[in-house]
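Next up, some structures in structure tokens.
Note that subunit A is present in both complexes that follow, paired respectively with subunit B and with subunit C.
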Partner chain A sequence: MDGKVTIGRTAGLYIGAAVLRLAIFTLLPGIPDLLTGRVEISTPVTSFKRLQEGLFLYNHNVSPYDGGVYHQAPLFLPLFSLLPNASSYPIFTYLLYIAVDLLSAGALWKIADSGETVASALFTSPRKEKRWNGFIIAAVFLFNPFTVATCIGRSTSVFTTCAILHAIAKAVSGAPFSAMVAITFAGYLSLYPLLLLPPLVLLCYDRQRIERGIKSVIPFVATNIAVVAGIMGLLFGMSYLITGSWEFLTSTYGVQLTLSDLTPNVGLWWYFFIEMFDSFRSFFLGVFWLHLSCYVGGLTVRIRQQPLVVLTLLLGIFGIFKPYPSISDTSLFLALVPLYRHVFPLMRYTFVIAAVIMYATFLGPAFYYLWIYAGSGNANFFYAITLVWNLGQSLLVCDLMFAVLRDEWEVERPEMAGKEIRQI
Partner chain B sequence: MRQFFFSFFSLISFISYSFASSSAGYHEQLVLRPLPLSALLASFNFRSNITVSEFEAHNFRFFPRSLGQIIQHAGTRELHLRFSSGRWDSESWGARPWDGAREGGTGVELWAWLDAETDEEADHKWLTLTNALSGLFCASLNFIDGTRTTRPVMSFQPEGDHIDATDANTHLLYGVLPHEVVCTENLTPFLKLLPCKGKAGIATLLDGHKLFDSSWQSMAIDVRPICPTGGECVLQTELTIDMVLDIDRSKRPRDNPIPRPPPGHELPCNTSKPYHSHDTCFPADHEANQDWTLSQIFGKYMKGTCPLTDPTVPPVCLQVPNSRSVYVSDGVLEKKNLDRVSRCFEISPDTNFEMVLPSPSNDDQVVTDALVKPETPLLYAERSFTGHGQERGGVQTILRNPSPDIEVEFIYMESLPWFMRIYLHTMSARVQGSKSDDKSLIQETYYRPALDRARGSQLEVRMRIPPASTVFLTYDFEKSILRYTEYPPDANRGFDVAAAVITILNKDESKTGRFAAYNLRTTTLLCSLPTPDFSMPYNVIIFTSTAIALAFGGMFNIMVRRFVAADEGPELGLKLLKSKLRARIGGLFAKFGKGNKTQEEQDKVTEPGVVESKE
Partner chain C sequence: MSAQPPSSLSTDDAPPVAVTNATSELKQPPAEKPSDIRRRGYVILSFWLIVLLLGLPIWWKTTTIYRADLPLQEMLDWSDGKACRPVFPLRISIQANSLQDQEAQNLLRLTQHALDDLNDFAGHHLRLQLSPPLGDEATSATNNGSALTIRLSPGEATTATLDPYEPTLDITYPPNNIPSPTASSSALATYVASQLRSTFGEEQATISYLLSTNSMPSEHRPLGLSPETVESLAKRTTRSLKYSPTYHLTFSLFTSGALPSSWDIETAIEEYMKPVLDVLSPIHNFTIDTQVQLYAAPGVQNDVLQKQDLSSFINAAEWPLSPSIGGAPTINFIVFVGNQTIVTSPESESSQSWLIPQWGTVYLLSQPWDTTHVSTETLKQPLLTFTSHLFSLLGTPQSGSLPLRLSTLTRIRSADLLLRASSTLGSLARLALALPSISIPSSVADGVSKTMTHLRLACDNLGGLDGLEHARIAEAEAERAFFEKSMVGQLFFPDEHKIAVYLPLLGPVAVPLIMGAINEFKAWRKRRREKAEKGAEKKKE
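Up next is the complex of A and B:
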């Protein structure tokens, strides 16, 4: 585990991950389409099949946004148009998705090697010796079954994952402009990553302060926000040029905001809004979005010393409470959790969390089958398992937060390490 | 060849009738055609004309006033309304009556050309038209909203003569209600549109019990302008009812309507089989039950003729070979047509008309000629769902061109509900026997994708099928899950999907002026969507809110509280309660107790409280 990371081992890891994915793609040709159809992997805003339909319409001069199927960002259309047709030459699409996964792993490796998680600008953990190196972190990400399934299912959320990880990697390496560009891309693709902006700007600020001695925070924040707004304007302008109208805004971001497509997924929104009374629908949409964004401020203030922790916890929360979550969001959160190897001993419910997540992972598809195909169960079966899944995940988020805060507290009270504590 | 001549002659006679009638005000005609498998096709046709100047002066004469006013009010140039149910069995009954031009898919279909400057104005007029027709025909036409309305691009052409048919101010709108159950309440207003109101003439035979008991029926209302060369334009209303009656079923006595198996000696048996005896019977299906009387089939006699009808058009025609004998009431003149397979009857206005068609004599030669052989249709079409489960599926249409040497070119149109999300990139057409799809089959595609809760998807495909081949047209779709208030009361029954409309393009030079050589519609489909639990709204709101509250509470609980060692800080929870109780009990002891010693104890007990006040 603590062995030296040589170039050979690095290459071996990447090649191993690529070969695993390629083997599944080529040796089991039914698997990619099967996974693409799974509601746990493909949501209305990330599905590869919908992307293909949007692409087909785009290539045949029908606006894909003048329809109810395609809800993804316009820039995907020219990107995938450049690739050969996915149904006749799928290998190019596979290679693109594998490359994106490897890029994400590379960014994760950089984050791990920066040591930001154990020693940030304002805080150094007393347990900083006890951490995993980038090789292990990247390996955990690349061989996580959730990540592999997302890659094989060709969900477009891998692009968002990659952009978010690069934004964090650039932020910890002291390149705020690149970080802002990356997070803008993520926000452009999926909207919700824009909520990560406050902790990300703070992370950049902390790094910059060490390296260049920037004192005042307000001009720095203003510059970064201007960068994000500028890049976003540029992306929207390009999208407008590609599609020729602004209707993509309502069809991509409007669908996320209003949840007009109620296709089941692993989140909490779909069944709630199926069963919601019509007159209260807009009220609860507001409440759900407010709830999703209320964590940003609280966490950013409370864990000011470690902005990366805030980012990690927020990604965990978004994986639970965003409108169209999938296991891809969980895999992103689970990719960042091993960075906190040093606080694992402080976590209290590791076994319960692992058990609940495994339980939901195995029972989810079974219950979905009972509802949709066998007809021996009803919608409540799948709904119940999504509740369990989300409770398990929120327990993990809470527990990680507890562990991190306790770790912070033990800097003030070093004698309390290993002692029983309580919260008042 | 002989078949061809028969149909040719019947066509000539049909055209001569229509020309004769275009000048006269009103005519009606009933054509009866026995079909194989003991079925009988009855085609009622009522046609009335009005010149445009009279129409504009509100001088409606034979034209139904109620319909005329609606058409004027909604700025309608041409109107087609269909009420249909059942399925036309083209495998055994052959080509459809009127070449399929007077039938609709199951349910209600409406298409009209409206005069409007803009799309919004057209939508507004369409709303007026559907609501007015809904009231007139007691049908749910007012449910034809944006999600059920399409604007076909290739499939329909006006039947009438419009001076500026391609004008941008003429909008074609098409709406369909596949779920509508056509019944007696739609027939009654239909009969009221007739000049004789169903009190005289062939309309007296129309009875809801018989019409809606048929294997297939289609009621059609067509209003179109016709401009003869050199004459004044007339507005023509054509009301058509086609029905296929099961003769066995219709002959059931009214006082004993429950179907029971017939006793052995009444079974129609094929006596030519070698094993036929008193206890074995091979059913004689094809030619059996070809003996019937008009009153048996329709339950009553025909009451004379409508006095307003054009006397040159015979009111009743029967299409059986001339070799068969037919008995009619006194005062009825039978005229055999030149084509040798049809005859017409001229009836005086006051005669009760009855017709008896005896079963063909047992001579073998005659039996094979007892029926006019049905014409082969230009195309057979069947549509079905593929796949299983309530998540996704596919639609497969099997199109068969029976002709050995003629290629068929047609337009296939689907208007699908928005909750079927179709994936057009999966559409493929392949000829039976080949594995891969054939790009040359699909000539042109027009597709307008569905928009959630706003409009349905519209797909029009121009295809060409080579002679004597079968083509499979397939595409995938995904079933969306709806809000629980959007499901109908019987949600698990499924949702009706409208029939596909197939318009075979006219390539025949001899029939110039006609856009479609033949029309046909597939059956409707029943699409089952995933359903939520309808009894659960409160439970789901409570459970989800609880899950969110647990996460929110857990997180903010950790966020806002501080850490202390287990033995530091104020007592909380049970410990606090315990210490308070001890203090209270200690206080009681102090009151009733023994003096200074207990006072000291009490001080010790209340120590935690002291700590609290210091904090």
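Up next is the complex of A and C:
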């Protein structure tokens, strides 16, 4: 925590993380396939197994979306078909996933070093001295068991994570174009990151205003949206060229929007839609998606001074309420939380949150086993534990929001610092 | 979650200056900044905008029930019989080659009068016409579409015989019986009329029975059916199978032991049954399969079968009798080789076969124990029995010559299908009226309009094969529309249940939204009032 990070320490961290992953990949050869099959890691829209199925069809000149197994973006296919076959030479796939994790860590490091969390354009925290440097933040991300498990399980959500982190990193370093390109990639891969656009554009705008003195907000927003639309059109065009039809739109985004694959996951949607009356299904799909997106406006307005906080909280909310969440989304949220080291003392439920998340982490797989393999439980067992898991996450989101708002409030009322308060 | 932002740590209704009360230890928070108030307004607005601009349209679009427009009144008219009066205009040609044209006309007029006097049922109308005297008899009878041809020829006495192969009634008359041009009645005309009446009596009775069992208005309903006739007609109707354009015939040889193990069923069918099937082909198609089953134990092991045994004779559990192959209903014909006999009552002689309503026929064939092969000749009697039972199972009337019976069958079936399709339409219309929340997909409206087109065509062509075809299509379409799957699923979903669907999720979401909006509105009104008061005070000063 001395703030000085030598090149040797940086290299050591990255090499350590890479070696850990490589060791698990190579020394425990059963683990990757085990984790790939876990519902907590692989959802229908990120599963590596399904990717291989799509890849096989693609390499045999069949539409990868035939058979209704593959629901991921078409651009994964040429990328993975460049690599040697994952079953005969898995090492190349491993290296790709490790590289993506390290890239994410690098982006996170940049975000941490920018100091955006403690001193944004419109707000400077009174506790800004108390923060972790990029080394610690990157280390927390790289050695987080959830991140490691996602990497070993080769879920394609790591690419989305990487794109989102890069979008934020570019935004805080004052490169709105690159940020928009990165967030478009994330949106192209898994759709929901597009909801991050309003706070991200604001973040870019705040940074630009400091550095270049841009005044008017509307042309800036319009330009950014045009960039996103242009890049998205380009990506769709490339996808169309690759697959030869527009079928991929319904098979990738359509599945996310309509939740046609009801494979259980750690989220809240699948159980609800198993029980849903058919005639109300489309209505409640609308309700769930609106619920997911309604936080964007409110949070962006409320915490206008710190757009990065909005991004963090939204990522936490998406990890709870999106259609196909996995622990990968939690790992992304948990990667950003340590950036708020300075408000940790203001949080009230850290112990409860840690306990609930650990409880759900250990009991979740057990309850899933009881339901699917032992047959002594039913779907309610697993659903109950996912409720606990999401309760833990939403507690964390709420507590972090409380802490950040209290931090803001103490700037306004310095005399109240350290006193008990209650909301009235 | 953030509709009530936690930062609103100061109350809305805090007075601008803290109340300094010496005894109170509570310190009042300072007033909220206007920027904070505005921000809270925006936050609440952002949630409400999503609810109103996106949520409401989605709710409207996804939960409105699609109800295609159905011509309900027309459908009800059909089922009430107002849209179509089933009228069977039967034309009957008279061939009187030996009569003068004038005499023939006169006779025809008198006979028509006599017929009209006898007839009490408007739906079934016999109309006489003279056929060209020199025309070829067979072609003229079929070409001009008449149901029956009467051949008048002079003879010794007044006799009438039905031609067994053609729809022709041969009537002979003594030459002195020709009515004079001025006579107002004639014995010959009355005789011809009563002959015609008895020939078509059964058909008339059947059709009037069909009409009376359906919901036809009373003015079309014939009155003169005796209870016995009704009973026998009801019996025959329950015995016959539901109309289908194709039937599947299954011929099965069941033997109680190891022998006989083969039969000449193919040649036997070819010889004894095929001609009848060919005759029936304009009305029905038939597909045929055969099977042999050894050591087949019947459901009843007695040597002498009583009447009550017959219903349990079929060993449904073990005999491979599939209920239906493909889409066509199956008619089963079973030859059972064993030593059982049927004695229904002590005085009657034993019989060999019995008919199972809507199912088929069983024939008990007794053979010497060492017969290995059932020959065509042995199969003659069973197959003839099967053939006559087939007529019963198809609902063919029993009296009259074969061609007449078949044309009658066509008309009866057309009427039956027409009435059934109409009543299905009526049920669908009543269902649509009774359940306002049931969804009506466009495929149903499609089916209804097709049904009505074909019903109209069938109604206009009643009595012919075209009419039968249209009635059949209409019935199939009506059934398809009525049993539309997506409609049936909605049947048991009353409006009350919607509360149970909406409330658990939307209730908790709605409470903070609505409370936030109400609080905000109250605060806004209060601020306005205070401002107004301040303004008034200033004015006073």
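One rule holds in what follows: the second predicted complex is superposed on the first by the 423 of 424 C-alpha atoms of A that agree within 3 Å, B and C clash if a C-alpha of one lies under 4 Å from a C-alpha of the other, contacts with A are read in each partner's own complex, and residues count from 1 in each chain.
Note that contacts are C-beta pairs under 8 Å (C-beta built on N, C-alpha and C of every residue); 3 or more make two chains touch, one makes a residue touch a chain.
Since the model is a prediction, treat every value here as computed from it, not as a measurement.
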Mind checking the superposed model to see whether subunit B and subunit C fit together on subunit A or clash? clash
Pick one for A:10: touches subunit B only (first), subunit C only (second), both, or neither. neither
Taking the superposition on A as described, I'd like to know which of subunit B and subunit C A:62 touches: first, second, both or neither. first
In the overlay, answer first, second, both or neither for which of subunit B and subunit C A:279 touches. second
Answer with first, second, both or neither: which of subunit B and subunit C does A:421 touch in the superposed model? both
Partner chain(s) touched by A:262 [first = subunit B, second = subunit C, both, neither]: first
State whether A:398 touches subunit B only (first), subunit C only (second), both chains, or neither. both
Could you say whether A:293 touches subunit B, subunit C, both of them, or neither, answering first, second, both or neither? second
Counting only touches as set out at the top, which of subunit B and subunit C does A:208 meet: first, second, both, neither? neither
Comparing the two partners subunit B and subunit C, which touches a greater set of residues in subunit A: B
Select, from 165-173, 183-191 or 219-227, the region of subunit B that bumps into subunit C once both structures are placed on the shared chain. 183-191
Find the residues of subunit A that appear in the contact set with subunit B and again in the contact set with subunit C. 277-278, 291, 295, 298-299, 302, 397-398, 401-402, 405-406, 409, 421, 423-424
How about subunit C: which of its residues touch subunit A in the complex? 1-3, 5-11, 29, 39, 42-43, 46-47, 49-51, 54-55, 58-59, 62-63, 439, 489-490, 493, 501, 505-506, 509
Given the complex with subunit C, which residues does subunit A contribute to the contact? 277-280, 282-284, 286-287, 290-291, 293-295, 297-299, 301-302, 304, 397-398, 401-402, 405-406, 408-409, 421, 423-424
In the complex formed with subunit B, which residues of subunit A make contact? 37, 39, 49, 52-53, 55-57, 60, 62, 64, 66-69, 87, 260-264, 268, 270-278, 291, 295, 298-299, 302, 317, 320-321, 371-373, 375, 378-380, 383, 387, 390-391, 394-395, 397-398, 401-402, 405-406, 409, 413, 416, 419-424
Contact set on subunit B toward subunit A in their complex: 388-392, 418, 421, 423-425, 445, 447-453, 457, 478, 480-485, 530-533, 536-537, 540-541, 543-544, 547-548, 550-552, 554-566, 569-570, 572
